[in-house]
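All chains are identified by letter, namely A, B, C, D and E, in their written order; residue positions are counted from 1 within each chain.
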């Protein structure tokens, strides 16, 4: 009971502090402090609830337990990180987003392709990963190549849809201007349609950044070498080592957020002109 | 100065289909513009001035009738980069600075880098925006944006200038200044200029020919050849000839409105 | 007509921080506007007219100085819906018809349905757009859009009208007509009007007070109280008093430009 | 309409050609493997015939998948456990519920983020972090925990579906709700519009193009979620169960037919959203 | 009637025929029980479901149960219908594996998710490292099926006598093409499919009584299934909601399962238990369990149920 009261109290205080901070002038420090404080309160509540309600550690371990396991297993976590994130997710992300971008430009260029490929593409891309993963593992083997393939399949659709939409998002007058310059297709693409598409492209890149990680991890459930975050998670669930499972999840969350944040930073630099970046 | 016809419209009509019925933006419009002419279009709002200019620039396709530019179709002329176009709204690209926006057509047409810089400087100076090269469009006032878009159209050497109310958002002094500059440019380069305006004095001061239009359906009600000399100091605006022409234009305009 | 001060600016300054240094859009501007006055703002583009109007409407926060409206802060006045504002660009919502755009503020302020319809009809008629209720903004010409946005600001009963170059995109005839209408409205309703324009005759014809501004930094260089009577037929524009005031404004403007 | 048919047919035939070729290429090793063990030699013709008719091919040929789909849709009563339509319905109901919940949650969060500074600065990073958690890992825990509090049946699956689908909606809607330009917002200020009026009359309409793009992605995600959710509920029924059951026994033909069915379902759902999008945007005079 | 929820270790198949038969034939209702059977699957840890209260009793393999017990989840074996282990390693002769000596340098497919313990203790007994070094083996986490063997991605894969082995055969490989290592023959067999409950709950006499009746009915089901394998397979098929199982495969599976349950009346043989524990404790540097568990099994239920 004490712990539950403690959790609620922490919540109230954390939110109050954040509201105060947010109301003040926004600096880089408050921008960082607010989500951190918010996260801390969440964690404190979690700790309080687990202890207060005496939840079994094989169901949900307390954050303190996860932290201890994290500190004790950095070598395993690092090995898994390299296998899953660097080899699987990143290579798949680059390949998938790159090819989706290229296809989007192709599709946008040739109306025939747009009419033909987009409906079919929508269909193909709707193949659920869970079904694709075992097939891709069968085709590309157990190691990271099959994970990258799963990531490619997963990020392709969101990236394609966004890029195609973005390429069509310039205004009529902006396009007319290009017409008066008798600008060719490539010039219009480079000088007008790509810059105008950037807000959408980054939308796609951001969504894809979280999908990539999930894809790489999920694919490991369907066969893998004996390292990797997905392997560790599924194996540890079977062993009821939930603290290690959550330590891996923490890694995934940190990496994923950092990845997303990185993309968002580049977005801010590239699309500084868009009203949504100037609010 | 030769008298070759540069733009020739022959019984041009254009109808927009809208959700509640067709709008006859242009109906049976015929007009010839000779090389080196300065033609102003004036008429109540909605009478089809912009639409007509857009037809010349191959931005709109007439429903019927014909338009030729330099003896070829409007489309071919566009491909040959025969026009500079100033839109009614500034339409600057938000991701480019003012300098970058003016440089855009030059980049597209493949000008050399030093030439490009010189031109950007010159035209920005012409519209009194030196010092604003590195600002972004949303950091400028409405009039400044409009001037930047004029600079953009003047930066490259098009034989034909199509200008849709370029000076609408400018104050009288700047306007006078730019009117003079434009006349200088025109005299110097023998460009052919089609110019939409709402100001009668401006139309009379600038043009060799004034086209009065009226709406619903959009058509030409009067074409006035200006008797004024090509050389025009600002104070020509106080001469009786000037006032006489202005009067005729005003009458034409008023007729269009009553008609309505 | 009481002489209560409606808008009072006291040593107002506003500086924009941009990627290459601060821009002093307004510097030490002080001005009082009394109830029922019609004040025009004139000055070269970029001199801060829009910015000043935006400060009055609580759309921009002065860096220093004070502004009160109806004796309270600009913000409170805004909350009391004291203003109608016509923006420099039309800014109609593309997903609403013309009628829908004009109806928008009425919906927001909770007018009754029959009242709403009557008002929409009346103001659209006033700006000569009857019959265009059901068209979408992109189906109208630039000038028609601008008129729709004027109608929108007139549709509800604000005591203070702030108008940023409302007639910039209109032809002389319509402009004259709307000038007259606006004067009528003003005389009838005793509204207080702040009005940005680039046209000297327009400023002189409409105003009881003309404020001349100059740029970099934006400041007031002259305030001219008009000696013209409140009752103004169109042909007042040919009287010597009128020309005299116009001359003074032109001088003030020119000074601002030379200064530059 | 006819403008679409021809290109689509062309692309589809191209895909079928590649598919058949790939089937030969991928299944040939197994055919050779078999032949070596039985000591036969394969002619080109028998090789092709074999690769297109294996029982557990690495890549089944299109006609094999087609036949399986025909058998399990048309020739089975829809109440039969072997009917793909029955399984599709099971998955569809979880998908729809999850999509509705996810869209609701997504829009609610986006509104909170756009209107509340504290939420904007504190919640968004954690929403993002939430999406980096591999759902397959926590799905069993969610199911177990929900079960412990007495929630079972459709809802746990729909919750997982919701978890995957709310994210694209949040991201798209935050962007969309912030897309009105400064002047439009200023107008609302001059009328002293209440936040809810600004929302309904300006922000929401401006966000429509973004919303629909997000909804399409969310719908696809939601279907994936429903399928993922079927695994830790014992995979008793639904397309996910079919996929998995196919997996246990290396029944590639069954996997592919379930996959194609799932994709068709997703495509149909996304298509419906596209239709609604076109009608809505048209009525709003955008495009 | 009293409610009982049973969590299976794997999907609905003849491996669990006894329970489905007991349900279908009304053996449970005869004992005044209302039993719900929850199928398992690759993403379901029965131990976790038990801990979360999602089931009263679960079918689990002993290594996983003992490992969970060390983690603090007090699982108790109350009955052991499976006498022998069905686990094997199936290898291709053409990959060069004919005896345990050939393992070095090969790739082996292994099930994880709590099923890897017997394999690990076997390897440690053979003194073969599993780190992929030259004289060791490369271990793959095998998916749900035998594809890696068919695709030659692994030299050996894990199979059960009653299930995956026959998939290899169905795919076209003959027994002559294969080398099989039964864990039973290698002396590393561990107890499979037992019934486990939480120790805390067992302290409640009402629950204990419920389990007595449950075990009695379940064993009746198992014996019926052994005697009527074809009927049992049909019952399993009727209960398979996914509609993916085939009659041929289930009948054959039932035949194989009957061999594994044959020697058991339901009561755990302490000798088998000791052998399992010994094998798990011997796990070299990284044993599955670190000390011999206490109270991990009880005869209390079977004594009452079977007499």
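Following the convention adopted for this analysis, a contact is a pair of C-beta atoms (placed from the backbone, for glycine too) under 8 Å apart; a residue touches a chain by one contact, two chains touch by 3 or more.
If you're wondering where the values come from, they're calculated on a predicted model, not measured in any experiment.
Common neighbours of chain D and chain E under the contact definition above: A.
Here the largest set of C-beta contact pairs joins the chains A-D. Spacing of chain B relative to chain D, judged by their CA centroids, is 53 angstrom. Work out the mean CA point of chain B and of chain E, and you get 86 Å between them. Separation between the centroids of chain A and chain E, computed from CA atoms only, is 38 Å. Within chain B, contacts with two or more other chains are made by residues 89, 136, 138.
For chain D, residues touching at least two other chains, in rising order: 58, 136, 140-141, 144-145, 148, 182, 231, 247.
The set of chain E residues touching two or more other chains comprises 42-43, 45, 48, 51-52, 143-144, 147, 151.
Chain pairs recorded as touching, per the definition above, are A-B, A-D, A-E, B-C, C-D, D-E. Against chain E, in their complex, chain D makes its touches with residues 29-30, 33-34, 37, 55-56, 58, 80-83, 87, 136, 139-141, 143-145, 147-148, 231-232, 234-237, 241-242, 244-251, 254.
On the side of chain B, the complex with chain A involves touching residues 54, 57-59, 78-81, 83-85, 87, 89, 91, 93-95, 104-105, 107-109, 136, 138. Against chain B, the residues of chain A that register as touching in their complex are 171, 173-174, 176-183, 187, 191-192, 195-196, 198, 271-274, 278. Of all residues in chain D, only 183-184, 186-194, 197, 201-202, 205, 208, 284-286 touch chain C in the complex they form.
Residue ranges on chain B touching chain C, taken from their complex, read 16, 18-20, 23, 42-46, 49-50, 88-89, 134-136, 139-144, 146-147, 165, 168-175, 198-200, 250, 253-254, 257.
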